[in-house]
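Please find one structure pasted underneath; my questions will follow.
By written order: A, B, C and D. Residues from 1 in each chain.
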Amino acid sequence: MTGLILKIDCPDQPSVVSKIASYVADYSGSLVEFSQFTNTQLAKFFARVQINTSNLSVDVEDFISGFTTLGKSLSASWNFRRLPYKMRTAVMVTKTDHCLNEILWRTSLGELPIEITSVIGNRDNCQKIAEQAKLPFHFIDMDGEKKEAGFRKVHEILKEENVELTVLARFMQILPNWFCDKHSGKIINIHHSFLPAFIGAHPYRQAYERGVKLIGATCHYVTSDLDAGPIIEQEVQRVQHFHTPKDLMRLGRDCERDAIARGIRYHVHDRTIIHENRAIVFPD
Amino acid sequence: MTGLILKIDCPDQPSVVSKIASYVADYSGSLVEFSQFTNTQLAKFFARVQINTSNLSVDVEDFISGFTTLGKSLSASWNFRRLPYKMRTAVMVTKTDHCLNEILWRTSLGELPIEITSVIGNRDNCQKIAEQAKLPFHFIDMDGEKKEAGFRKVHEILKEENVELTVLARFMQILPNWFCDKHSGKIINIHHSFLPAFIGAHPYRQAYERGVKLIGATCHYVTSDLDAGPIIEQEVQRVQHFHTPKDLMRLGRDCERDAIARGIRYHVHDRTIIHENRAIVFPD
Amino acid sequence: MTGLILKIDCPDQPSVVSKIASYVADYSGSLVEFSQFTNTQLAKFFARVQINTSNLSVDVEDFISGFTTLGKSLSASWNFRRLPYKMRTAVMVTKTDHCLNEILWRTSLGELPIEITSVIGNRDNCQKIAEQAKLPFHFIDMDGEKKEAGFRKVHEILKEENVELTVLARFMQILPNWFCDKHSGKIINIHHSFLPAFIGAHPYRQAYERGVKLIGATCHYVTSDLDAGPIIEQEVQRVQHFHTPKDLMRLGRDCERDAIARGIRYHVHDRTIIHENRAIVFPD
Amino acid sequence: MTGLILKIDCPDQPSVVSKIASYVADYSGSLVEFSQFTNTQLAKFFARVQINTSNLSVDVEDFISGFTTLGKSLSASWNFRRLPYKMRTAVMVTKTDHCLNEILWRTSLGELPIEITSVIGNRDNCQKIAEQAKLPFHFIDMDGEKKEAGFRKVHEILKEENVELTVLARFMQILPNWFCDKHSGKIINIHHSFLPAFIGAHPYRQAYERGVKLIGATCHYVTSDLDAGPIIEQEVQRVQHFHTPKDLMRLGRDCERDAIARGIRYHVHDRTIIHENRAIVFPD
């Protein structure tokens, strides 16, 4: 299907749905999905609109550029994406490979409209997996004093490879603030706890010590505030008193795989809109 | 808030969202929620639209009647409901009271916009609960040969009390076909299994015999085809080998309460649209 | 069924299961359930043993007292409870009644082997519900300077009524340390968040601000460390971006009811053993 | 750790726990886990006992053979397995590879104590995956008239490779009765529905047609009665009206992977005991 996805947010105002829908209708676009959310408290309007452009009466380029007049009159931020597409995605890893494997598997099944540009590791444990999948693997040492230079290198790679999304698939290094800021809204992390519980290191150990009866994982956008960015998806699993910290790690892997898979899915299908510290998600 | 809920379904066609939204905008209605679903395979469009009418430029009555022209031009079926409202609801019971209790509790908390007109029982076990809640209780004998007369009596009560929704809250009698047909789309049942597994009598006993690891409950619209009507909501719970059929009944009650509470909620908030044998549900 | 429940914990050691089981067998007791957990790291053994005493060859009293020799030789802590029994239980409340209702409902169905001795409130909102259930209601003012005297009064009531378990069913006052200490292991609280996230006041508001995708409730033993006692049970529920803090409260009530019901169930069936800050739970 | 797992079932009788535990204690075995279930209705006793044999006072072989006297006196069926071990496992596949991948991944992580002897396919789609994992792949044509010969071939391979467990990882052929009987209790299947709902072909299509709100997957032992063998594990996932049959297939894959992974785990850790048409599962 050829088509467009429009993401838009603007102050809530009379006729906003009608104006957007009419714009589409006026040029013979056909609405496949119109997902909308009005935050009445903040008087903000958010929408994800999917448009079938098969019968569009104008050129798609003109349709997109012509929206500017309406968009500005609504004081909106918006973005169009042409269907079909593959979002260029880099995956950053350290040692563990289950999240990387999950992403590779779902990509190969065609579940995710992404093209993995490369795998970037601050350890080389995942190199073989990347190679089996015929993906470039960049080993970049970021330990200790090499951290700053390492992230500059990563930044270069992302630019060169035209990366739109970077996934931290159990990447175990804290990102420098400038890096978070430069890629704001374009880095997704999986944290191995039910945030905001157990921020920081060794969350399964912390969970064990606290004696929780459910463990979890959180997929969120990365900000310079550690483990505090907008949450896209969370997953939990029951545990019992006999589960050791090692068992929690094992059971938690399943949460992590599920949460990161759905989190990526929502992002790459343009089903998320970040507003302040919250993520609006129109699930599919 | 004063407002309107519009439920509409029609053949999918160009501009349908734009036309509906423009109609609302033209008379200064404001969209609170526009939930839409297009079944592309069937080329059918379904929507639930919630409108704030505080600033409406015309009389609400005129707004509603004026929609007829648009509605007909879309070959639509539609319905307006004025906010706030209380849906007049009868609850039918036999012996067990947990679903009735759940409904009473949620109603008293203001969770459900309903007014319970009466409780109707083919046993008198729930009479006391009804009386404590200051609700009329109609005991109607429907056993054996009295079934037909009993249901005619129920039908009379529903008419007299202007009932819009009848909830079978573990009502253990099969309804006559004519009764199902007359109240089509207006009777909600809770079945104590994960339908379509374990249709008919003693589903927990059946579940035990089969050795399932999850039991469930299903809230569905009643049709003359037993346990086969459109499903609104389902709930499940893990069970283990040591649970006896009696344990399954106990654990299942929690599923039943959850499923019936959400099923009623979706219906009375006009969040369901029945299409053939499936229920479209826009959850909140 | 007549019988006994034995709860026991001791250092892990050779033959411990065999010794306990043999003691039971030697006097013709019959094991209905032998639930055991060995924490190999701590070298600690925990068990819950349910014994059918129908064919016991000695008097139950002698059976219990005779165990002392074995128990001491194992350096164990243990406790026998005779079946059937009703655990004398007080329920403390403030304004909201959904947890109280849940407890009353499950008790009346025979799901919980408890006898509610009284309802104690620092507000009178739940007085009517208590009265309808034919339960004494103690209104005790604990505001501001009356707090200390209030809790001394509560302490007196619990003594007079021979209360074994006190349930804080959305009781919104922080307990004084001396009170927590005096009733250690005998007070169960429901906290309306997924602990350790959102400790303290207004957890649903906190959850909303953080933008979590799952909310929860935690049933735990009360210690003088606020919201930090051993966790018995937790429950969660999915939420979305459109849910307001008020919606979270509504959805959270279902988590709270489930978690407190199961937490109480495990405790009153002697299915919990507290060890340091963790609760071992043998679920049924 | 060196050790033993004992699985045993016998008529319920006085002293059974004491006798088993005493046997272990008498020879200085140490109990790591004693999981037991008494079906009081059937008067049957089932247990899984894990024994640390590090300090055993006799040879393990003698310990095992010496149990015969006790076992027979209890009229028991029992089985000892020496730790550590790798259960020799064959995986049968057709076209889809997600269950195979899941098994390979968990095996490589050391989550499952199995050694995959080979992958057997009636299509060659999974050949490459098997080869990447350095596993023999047997392509066996079983279509139409070749079915009988094909299964005889499979039977030969299982014998030659000393296979203890055969996993049908979305293997899409109905097994002949003689094959089911010969490998009774040693074949695990994943069915892509919440059994007993949607037995047979195209369960996701059936689920879509019925309009269920939860889909599922079932891991069960294979018997000659199609999709009716003892259930080990089930998993479900919420779906909504907008999910197409293709979406259900995608979402269902996650259920299938979870259910088969846990089902295999319970079996290969000797945590299941089949009794008539039910599986007792002592989860970990």
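A few notes on this one:
The rule is short, and it goes like this: a residue touches a chain if its C-beta (ideal position, glycine included) is under 8 Å from a C-beta of that chain, and two chains touch if they have at least 3 such contacts.
Remember, predicted model here, so these are calculated numbers, not experimental data.
Ranked by distance of CA centroids from subunit C, the top chain is A. In this structure, the chain pairs C-D and B-C differ in their number of contacting C-beta pairs, and the larger number is found at C-D. Mean C-alpha positions place subunit B and subunit C at a centre distance of 37 Å. A separation of 41 Å divides the Cα centre of subunit B from that of subunit D. For subunit A, residues that reach two or more other chains under the stated contact definition are 242. Across the interface of their complex, subunit D is touched by residues 37, 41, 194-198, 209-214, 216, 230-234, 236, 240-242, 244, 277-281, 283 of subunit B.
Interface residues of subunit B, counted against subunit A in their complex, comprise 14-19, 21-22, 24-25, 28, 30-34, 36, 38, 40. Looking at the complex, you find that subunit C touches subunit B at residues 98, 101, 105, 109, 111, 132, 242, 247, 250, 254, 258, 284.
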